[in-house]
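See the structures that follow.
Both complexes shown next keep chain A, but they swap its partner, so chain B is in the first and chain C is in the second.
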Partner chain A sequence: MQKKKIIRRILDKTTEYLLTFSGAITGIAIVFITIFLFTEGAALFKSPEVEQGYELYVHAQNPINTLSPAETKKIFDSEITNWKDIGGKDGEIKIFRIDDAFSVYPEDELGENYALLPQKLGELIAQDENILAFLPKQYAPIGSSVKALVSHNIQPSDYFLGKEWMPTATPVPFFGVMPLVLGTLLVSIVALIIALPLGLGVAIYLSELASEKQRRLLKPVIELLAGIPSVVYGFFGLVVLVPAIQKSLHLPVGETAFTGSLLLAIMALPTIISVAEDALRNTPRAMREASLAMGATQWQTIYRVVVPYAKSGISAAVVLGIGRAIGETMAVMMVTGNAAVMPHSIFQSVRTIPATIAAELGEAPAGGPHYQALFLLGCILFVFTMIISISAEIISKKKNYKPH
Partner chain B sequence: MNKKHSQFVAFLIFKLLGIIVVLILFSILGFIIINGVRVINWEFLSKFPGEGMTTGGIFPAIVGTLYLTIGSLLFAFPLGVMSALYTQEYAGKGWIVKTIRMMTNNLASVPSIVFGLFGMSLFVNKLNFGDSLLAGSLTLGLLALPVIIRTTEEALKAVPDTYRAASLALGATKLQTISKVVLPAAMPNIITGLILSIGRVSGETAPILFTVAAYFLPHLPSGVFDQAMALPYHLYVLATSGTDIEASRPMAYGTALVLILIVLTMNLLATFIRRKLEKKRSK
Partner chain C sequence: MIETRNINFYYGDFHAIKNISIAIKPNTITAFIGPSGCGKSTFLRLFNRMNDLIENTRLEGECLIDGKNIYEKSTDVDALRKRVGMVFQKPNPFPKTIFENVAYGLRVNDMGDKHFIKQRVEESLQAAALWDEVKDKLQKSAYELSGGQQQRLCIARALAVAPSVILMDEPASALDPISTSKIEELVHELKQHYTIVIVTHNMQQAARVSDNTGFFMHGELVEYSDTKKMFLNPDKESTQNYITGRFG
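Our next item is the complex of A and B:
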């Protein structure tokens, strides 16, 4: 008897420790995800602006010591052609790339494994004061008349306020997230503008007007629709919505921000309907009856009593809807065309943050600036959805009914 | 009279709205079902894709999704249920529990692509699992974890405290109370949560893009470090990047229908099991 009791107690304690342990693991895992995302992302600001592994070199006599990313881009796009334009001496800028070296020197002059290349490059740069050489660091030119331009690290302001997202451009990639952030917000907000009135209308219909039989039939179907994988919706959008929008609006392509919004609205509808319907049905019977007893019609009762009472529940539905729309990846990626440019109209192709991550992560070399920039996009998404879920919690906890 | 008129108009609008929205939603389902039913047959379900994904079937994708779902829940279900037991039954109401709860709630709302990002860099790169069933299952498991914790917590909360008090008063230990009284009472809801997360996990694409999914494999995965095909990713590539998109459309409709059927089956199963267990308990 005594022995059994002891065993039981040991078992009891072990279980308690085991459960505590798994609780701790879960907690740690969650903290770990957060820290991990942010450290990977923040590493971007320790990366140089110039493409990884490369550097810009000029003649030592050149007064220019550093170039901004915008200046570098303009020079390489031939929009700036004279050193004078960026504060240097008068002289045409001569761009020199590593490939050019092979046309100047035959391969056998460069020695084994190009061992002599740095020296030769140094000599080349020494000959020309106007040269701007874009070379890999491993062949950094040697010589007293060579100067490497000072390379700054990527600035947070360039990232968060930048208007160009060109992660693979050479010699300077641009990681400006504004087009992606605006694209995401545009698609999500338009989706919500479409889905909210429809969803609310259906919720009112289901909770107030529909017969019990209709409700019991429709509610499970709507819940089922909320569970359908987003890639299925994306496929539907691709084969039905895209051509339909292209034809009916006479657009050159059907893959636009509006298509994405429409699809997102369809996807958000089931969630909005079921959350809002729950909120409406939670209105106490006494309040409805009081209103009806005072001679109000059913409609007056709905929009003066029931909807105001359920306001916080409905707002929570709205906020949750935005949260899902912002994070939606596959469906949006399949129908918005994914052009990473600043959105000017909703009938234009846009690219959202999740779609950018999904489309580019496979090509970004692990640990490079592009990879880190995508992680930082993940952090932005994380912060967005966190703010949204916290505000949804605050809204739905707010006291429902304020006496006048 | 005016009141009545406005009521009439408003109700008419709502009824129309209701009909329109329900029609739209139904037509999506109908569209996929009608186009998919023509494709689905035994051959489609049991053969490998052939000729640039335009003929054959989706067998390896079905198997891959099955492995991934089982793998992710093997990891997420015990951990999730145990964590929920800890926060609900053992831990007090201190700040640690509050923080864990807040974090799980936030994690539940994190977009799936962020899990993919994390899974790729931690499991695939840092821990060197490579693109593998293991990396994919762990990533999907993390995604399912907050859902399972939340539903289990709700299920435990729904068990009346009088049950626990009665059991303890009879001299049962805490472990006995939990395993013999609380868990059986909460089981229908816990199982429902599990089944619904199966539905969710099997349809996710973003988290597996970079952790496990393969465009095409001529053989089934033979170990946890193998890549695998998966239904949602298969649908994605069929729809967007096949060699002959028009010719592979029927395959895409079939795959979409299979995905919908999985979700439908899981929903029905959840309802069925809940009803059955509830009936058994009430006897």
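Our next item is the complex of A and C:
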């Protein structure tokens, strides 16, 4: 008897410690992931604007000391061709890239491992005041008549408010996340506008109006839909929705934000329905009876008593729905066309944050600005979902007269 | 005036109410007593058609309130339930404020403007002997009240729509003795204006509050008579046995 008691106590204690331990591990892991995300992301603002490992060089007599990313882009796109336009002396800008060096100097003049290249480049720049050389730091030109343009670090405002996402552009990549943020919001919000009323409608139908037989048939089918992998949904979207939308709306392409929204709505519906229905059915029978016994109709009972009672469960359904919509990657990537441009209408191709991360992280050199920019995108997504969860929490707590 | 004529009620195959005919006079308190599962609550819930909510049930016979069969097809069930109020076994206030709980029936039945509702809520709370306790916290959640207060709130809620009949399904069974006696006093007060039918497990309660008592067993109405007669000198032996606590 005594032995049994001791064994039971040891078991109890072990379970207790195991639970505490796993809880602590989970907590630490979450904190660690968050810190990792944000430190990796924040490092972006310590990177120079110019492509990593490169620098811009001019003649020492050139009055220009620095170029903004926009100016640099325009110069390399041949939209600005004269130093005068950016506040320098009159003279045509001559762009010089590292490849050009090989057409000026035969390879045998450059010595072993191009050891003589920096010096030659220095001489070349010294000859021409109008030259703008975009060269690897490795071969930085040597000479007193050469100066490197001061390169600023990437500014947070360029990142968060920038309207261009061109992470691999050269010589200056653009990491403006506005098109991605707006694309994500557009796709998710339209998806929710479609999914929420439908989902709540079906949930109310299932919990309040459907017969036991109908519910027993429908509920498992709906829950099954929630378990289909998103890539399968994406495939369905690509094969069915995209051509259907293209034809029915007479669009040049069917891969639009709207297609993504529609597909996301379809994907979020089972979750919303299932969670909301559970919440509605949890409303005690006594509540319904009390309301009906007062002479309220079935509809009055539903919207005055049942829905308010299930409010916190319904907001959980909404949060899960939004979470699914905002974080969904694969399916959206397959049907929205992925054009990283500022969205002007919902019938236009957009790119979402998760799709960008998924598509680009593989080809972004680890530790580089592009890589960090993608991490920061992850942080933005993280903050989005956090805001949604917190506001849902506040909404469901507000004016909640339920028993404590 | 409530009258039933040869009422039979079935839950699926289970014959829950067996051929009961009864007449209840206005402005009286009628108590239904009997062992658990005897059908007294089911019978009570026939008067406001609450049993309609249960699937797979069947009814035979007539139930007349003020001379009209409430189970006719043309019956407006919502209007009927407004006329026949109900208080349940466990206090079941809505997850709303105290004020909104009482105003609920007025709102869903579109009765009167803001001013009228306010006045009516106060009157109902006073009639339910709760006003003095809650007048300063009308905007608080109904769940901040004690169990007994919640039950009186439910009574106030039922009174607000001015029913002529109030059905009470073991209204004090979940309450402590002090709250119970308050409810009993209240029931007694309400008799002046309402016809009250009360189901109870508590024999003393039936004896204390009611004018007439019906004794139910196995879905049958064994005996129905004046309360005094029932408790002092019942006609049937099974009634005698139940009242004296020999079974049940």
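Basically, the second predicted complex is superposed on the first by the 362 of 404 C-alpha atoms of A that agree within 3 Å, B and C clash if a C-alpha of one lies under 4 Å from a C-alpha of the other, contacts with A are read in each partner's own complex, and residues count from 1 in each chain.
Definition applied: a contact is a pair of C-beta atoms (placed from the backbone, for glycine too) under 8 Å apart; a residue touches a chain by one contact, two chains touch by 3 or more.
This is a predicted model, so every value here is computed, not measured.
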| item | value |
| --- | --- |
| Contacts of A:Tyr309 with chain B and chain C, given as first, second, both or neither | second |
| Between chain B and chain C, more extensive residue contact with chain A | B |
| Partner chain in contact with A:Asn82 - chain B first, chain C second, else both or neither | neither |
| Touching partner for A:Ser291 - first (chain B), second (chain C), both, neither | second |
| Partner chain in contact with A:Glu212 - chain B first, chain C second, else both or neither | second |
| First, second, both or neither for A:Gln300, with chain B first and chain C second | both |
| Contacts of A:Asn130 with chain B and chain C, given as first, second, both or neither | neither |
| Shared chain A contacts, counted only where both chain B and chain C touch the same residue | 297, 300 |
| In the complex, chain B residues that touch chain A | 3-4, 6-7, 10-11, 13-15, 17-18, 20-22, 24-26, 28-29, 31-32, 78-80, 82-83, 85-87, 89-91, 96, 99-100, 103-114, 116-118, 120-122, 125, 142, 145, 149, 173-176, 178, 196, 199-200, 202-206, 209-210, 232-233, 235-236, 239-240, 249, 252, 256, 259-260, 263-264, 266-267, 271 |
| Residues of chain C defined as touching chain A within the complex | 48, 50, 53, 55, 78-82, 85-86, 88, 90, 92-97, 104-105, 107-109, 141-143, 154, 157-158, 161 |
| Residues of chain A defined as touching chain C within the complex | 211-212, 284, 286-297, 300, 304-305, 308-309, 400-404 |
| Interfacial residue positions of chain A with respect to chain B in the complex | 8-9, 11-12, 15-16, 18-20, 22-23, 25-27, 29-31, 33, 36-37, 40, 198-199, 201-202, 204-206, 209-210, 218, 220-225, 227-236, 238-240, 266, 269-270, 273, 297-300, 302-303, 320, 323, 326-330, 334, 354, 357-358, 361-362, 366, 374-375, 378, 381-382, 385-386, 388-390, 393 |
